[in-house]
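I have a structure here, written as structure tokens, and I will follow up with some questions on it.
The letters A, B, C and D name the chains in turn, as written, and every chain counts its residues from 1.
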Amino acid sequence: MAASIPDGAMVAVPPDNSIPSVALAKALIRRRARGLRLVGVPISGFATDILIGAGCVAEVNTSAVTLGEAGFAPRFSAALKAGTLVVRDATCPAMHTMLQAAEKGVPFMPLRGLIGSDILANRPDWMVIESPFGPLIGGSREKITLLPALHPDVAVFHAVMADSAGNVWVGRRRECATIAHASQRSLVTVERVVEGNFLEDERLCPGAINATYISGIAIAERGAQPSALLDEYGFDTDYVMAYARAAKTEAGFAEWCAEHVFDNQAVAAE
Amino acid sequence: MAASIPDGAMVAVPPDNSIPSVALAKALIRRRARGLRLVGVPISGFATDILIGAGCVAEVNTSAVTLGEAGFAPRFSAALKAGTLVVRDATCPAMHTMLQAAEKGVPFMPLRGLIGSDILANRPDWMVIESPFGPLIGGSREKITLLPALHPDVAVFHAVMADSAGNVWVGRRRECATIAHASQRSLVTVERVVEGNFLEDERLCPGAINATYISGIAIAERGAQPSALLDEYGFDTDYVMAYARAAKTEAGFAEWCAEHVFDNQAVAAE
Amino acid sequence: MSYKTEELLAVCIARLIRARPTRHIAVGAASPVPAAAAWLCVKQGDPLHLSLLHKRSGNPFTDGSRELFDLTGQGRIDLFFLGGGQIDGQANINLIGTGAWPGLEVRFPGSFGSAFMYYMSGRTILFREEHSPRVLVDRVAHISAPGTSEPGVFRRGHAQALVTGRCVFDFHPDLGRFSLASYHAGESVESIRAMTGFEFDVPEGVGETPAPSDAELALLRGAVCDEMLETYPDFCARVFERKAAA
Amino acid sequence: MSYKTEELLAVCIARLIRARPTRHIAVGAASPVPAAAAWLCVKQGDPLHLSLLHKRSGNPFTDGSRELFDLTGQGRIDLFFLGGGQIDGQANINLIGTGAWPGLEVRFPGSFGSAFMYYMSGRTILFREEHSPRVLVDRVAHISAPGTSEPGVFRRGHAQALVTGRCVFDFHPDLGRFSLASYHAGESVESIRAMTGFEFDVPEGVGETPAPSDAELALLRGAVCDEMLETYPDFCARVFERKAAA
């Protein structure tokens, strides 16, 4: 599956609390992907840091890159300083808004906040207008920022399960539905494939994403790890702490990668 | 509960395929509500027609009013002709867009389509601009319509169940979540109240609406009827057909109302 | 084999669907004939994705009723169906009514999603069984959704054709006009002209709509009807003379 | 009763919460002290709705991770908490980093939701335990979110206060300045001045932050800790010396 993601693709990758496919991120490293433009949904975590460390990433468009309790993302910080990574800083609802504009098929959507932030000052692709609607503020029209639609080439995430019809179930992690809607293609790893059709089950349907958005499904057991997967397994803090220590240096990262990415293949996601 | 909805309130009422609270609509008729401004989500059905017939409604903002297989909505058509009802025609995604703008706390959102439609020509509250983003069309900027946020005073709908924490479960009918988010208050009738907390159940959570949006819950068994409720009960075509025949005339509606609204009270929703 | 008008119309529409590349079709609630046409294509082996709106079990949308419009906004719907209380020669459709706005003479239910879907779907097949000067008018009283758009308006698609109980018209968005594609058995160019309130072009050699083949009829009455029984029981009983198991 | 710094800070924040009408508080993932403060208010009987972000079980959001921002956009969040790699005397916060944009000297993780939440929440309590000239600077290197906004910008709220390991500052949005509200035991106006990179006002009669009461400490170590064990096990072990059942 990783083979179908071309170098240079814009790839939406959810953070650690939002079921990323770490299995597919590792497969992208193994296939030596280059020049990826990653999109944080709305922030970025472990999967993004290892992709950056392995030299797969040219650009990241996100509101933050963090390993959570394990602290700063070491390979992100190093690449930023080395000048090998373009960072487009945003704020969480701006990422959601740009993806929702794509989801809705409109060229832009407005968002409050932002004005006076250096984030806006560094986003020439965003634009402040006088809102034709809404309250007058101090007798004049409200200033508001318009954000362009963001259309990732590929959404990559993990799901609990897929069904016989190719629907996938992500439960409350509905931001995965938004990126599936906003992206050209969606590639999904799952814990398991089950019989039936989630759309015909009133209990499962609200947490399902329709097969019409899904371009590929591969089974990758514990494919989100070390990230958490709903009530199936938790965030593996020890694993990420160990990574954070190892990845402080480029050599440490290379060693970690040799052990945890190249020696331990989840072939399904290739 | 109907007593808490003041005359003149803007009330969002979903249509027959989207779990309206017919029980609460009937309670509004019994309390002789007046001047309601109804919002179709995105269209309007049986509940809207009986409210119009009973003289509760001053205005309806919607994309259509229909009884589905039972045909045109007779009291809507009659009130429109009699000039006692203001009708603001829209198109389905415009209703969704205006409600989502309110949900997101922005003063407006854009929508494609519309231009060249007489719907737009009759909506002085909508505005066409040149989009600062998106494709050039024939060398010039795309024309696009901006729609203002629509903030109902009250969202009224039915749900399958509520839990001990006051969350309600609507399953795939997520437009009910949108109107709950967009409205000042939400009043919900439910089939039953169950122990526990839907938000702590990964299977139920995606179809739940958080108690933070819900101002009032009342048990009204079969409270959506004759509309359908997910897999719990279907649309009662015979009942609506009989209504459509009776409500062809004002006298016929009055008789129907005496029998089906005033004689058969669901006290919970008062 | 003898056939009902609805069967002929479903076959007409199925041929129009297959005439252009089509991956994903959305079919509205009140549209059993278009639904039958789409299912016929599926049963003929086309790799189509069907989204049947208002289907009670297995409703395709999990993001609420806005998902159809979002999906169409994304450009994922190749084909949609629309009807109209009135349809005119420029393919404008009127779902509002007649008389002064908003339909003070005869009020139709309203525009539903037409003022978006007609622009944003890959293409639209217009379907209205009643073919009379009352429905097919020179100029609609009100435009719910226009057949063509001015420059500067984002528009992904137009009407491909108009299928009625009497004929099939092709639509030419560049000209803003219909041309007669074929007339159904029992009709003629003259009878169509007499019953149509708008002008249309008549290409050389226009002839009768081909009758459904035995294979098409067998599929409609068998595998297609099987799929439609739950959503359209009355239609299946009337047209295919089959009832759902109790 | 002796207490830990975290307990003092939680009590300080709880008092700030109770100082203004508050219905709904959202608390971020990395915020055990604000979370303890909010729970303390709940356990003291305030009818508060708490949305604890990133809580694994019972996460309050069912519309995906955008729901917090939508909720705040709607005006339903009365109080939010923010920190900052740097905070300056105008209550600007910097979560980006130092050196040239985007943080070429020291890079912080990024701005998260701050460039929206700081404007759209009813009010914000700034919390940063480290109180040093490195963190509390005259002017932040980069503004993730500004302390005040120019005319014409929709802004629902501002910083109410800044709570640090050494003191509590009140913020005055009209002046764009902090004033010292109280200093914690062991500090003085002079020690605060020495450790603060920005100018601030010192009202007459500023004194020491009141110590937590026995009742407050008992609640924190009992009922509040009970609620926090699942989400913040390390914090509970360190501060309250309690461990979750295995």
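Just so it is clear, a residue touches a chain if its C-beta (ideal position, glycine included) is under 8 Å from a C-beta of that chain, and two chains touch if they have at least 3 such contacts.
For each chain, UniProt lists the protein as follows: C, D = Glutaconate CoA-transferase subunit B.
From a predicted model like this one, the values you see are computed outputs, not experimental measurements.
Graph distance from chain C to chain D, where chains that touch are one step apart, equals 2. The set of chains touching chain B and also touching chain C is given as A. Relative to chain A, the most remote chain by averaged C-alpha coordinates is C.
Distance between chain A and chain C, defined via averaged C-alpha coordinates, is recorded as 40 Å.
Here the spacing of chain A and chain D, counted between their Cα centres, is 28 Å. Per-chain Cα centroids separate chain A from chain B by 35 Å.
Looking at chain A, one finds that residues 104-106, 111-112, 134-135, 142, 144, 172, 174, 177, 205-207, 231 touch two or more other chains. Counting partner chains per residue, chain D shows two or more touched chains at residues 57, 59, 61-63, 69, 73, 120.
Looking at which chains touch one another, you get A-B, A-C, A-D, B-C, B-D. Against chain C, the residues of chain A that register as touching in their complex are 102-106, 174, 177, 181-182, 197, 199-200, 205-212.
Interface residues of chain D, counted against chain B in their complex, comprise 24, 49, 51, 57-63, 69-76, 120.
On chain A, the positions that touch chain D within their shared complex are 17-18, 41-43, 62-66, 68-69, 72-73, 76-77, 80-81, 87, 89-94, 96, 100, 111-120, 122, 134-135, 137-138, 140-144, 172-178, 228, 231, 234. Interface residues of chain D facing chain A in the complex, by the touch rule stated above, are 29-30, 54, 56-57, 59, 61-66, 69, 73, 95-96, 101-104, 107-120, 142-146, 149-154, 234.
Considering their complex, residues 97, 104-112, 127, 129, 131-135, 142, 144, 146, 148-149, 171-172, 174, 202-207, 230-231 of chain A touch chain B.
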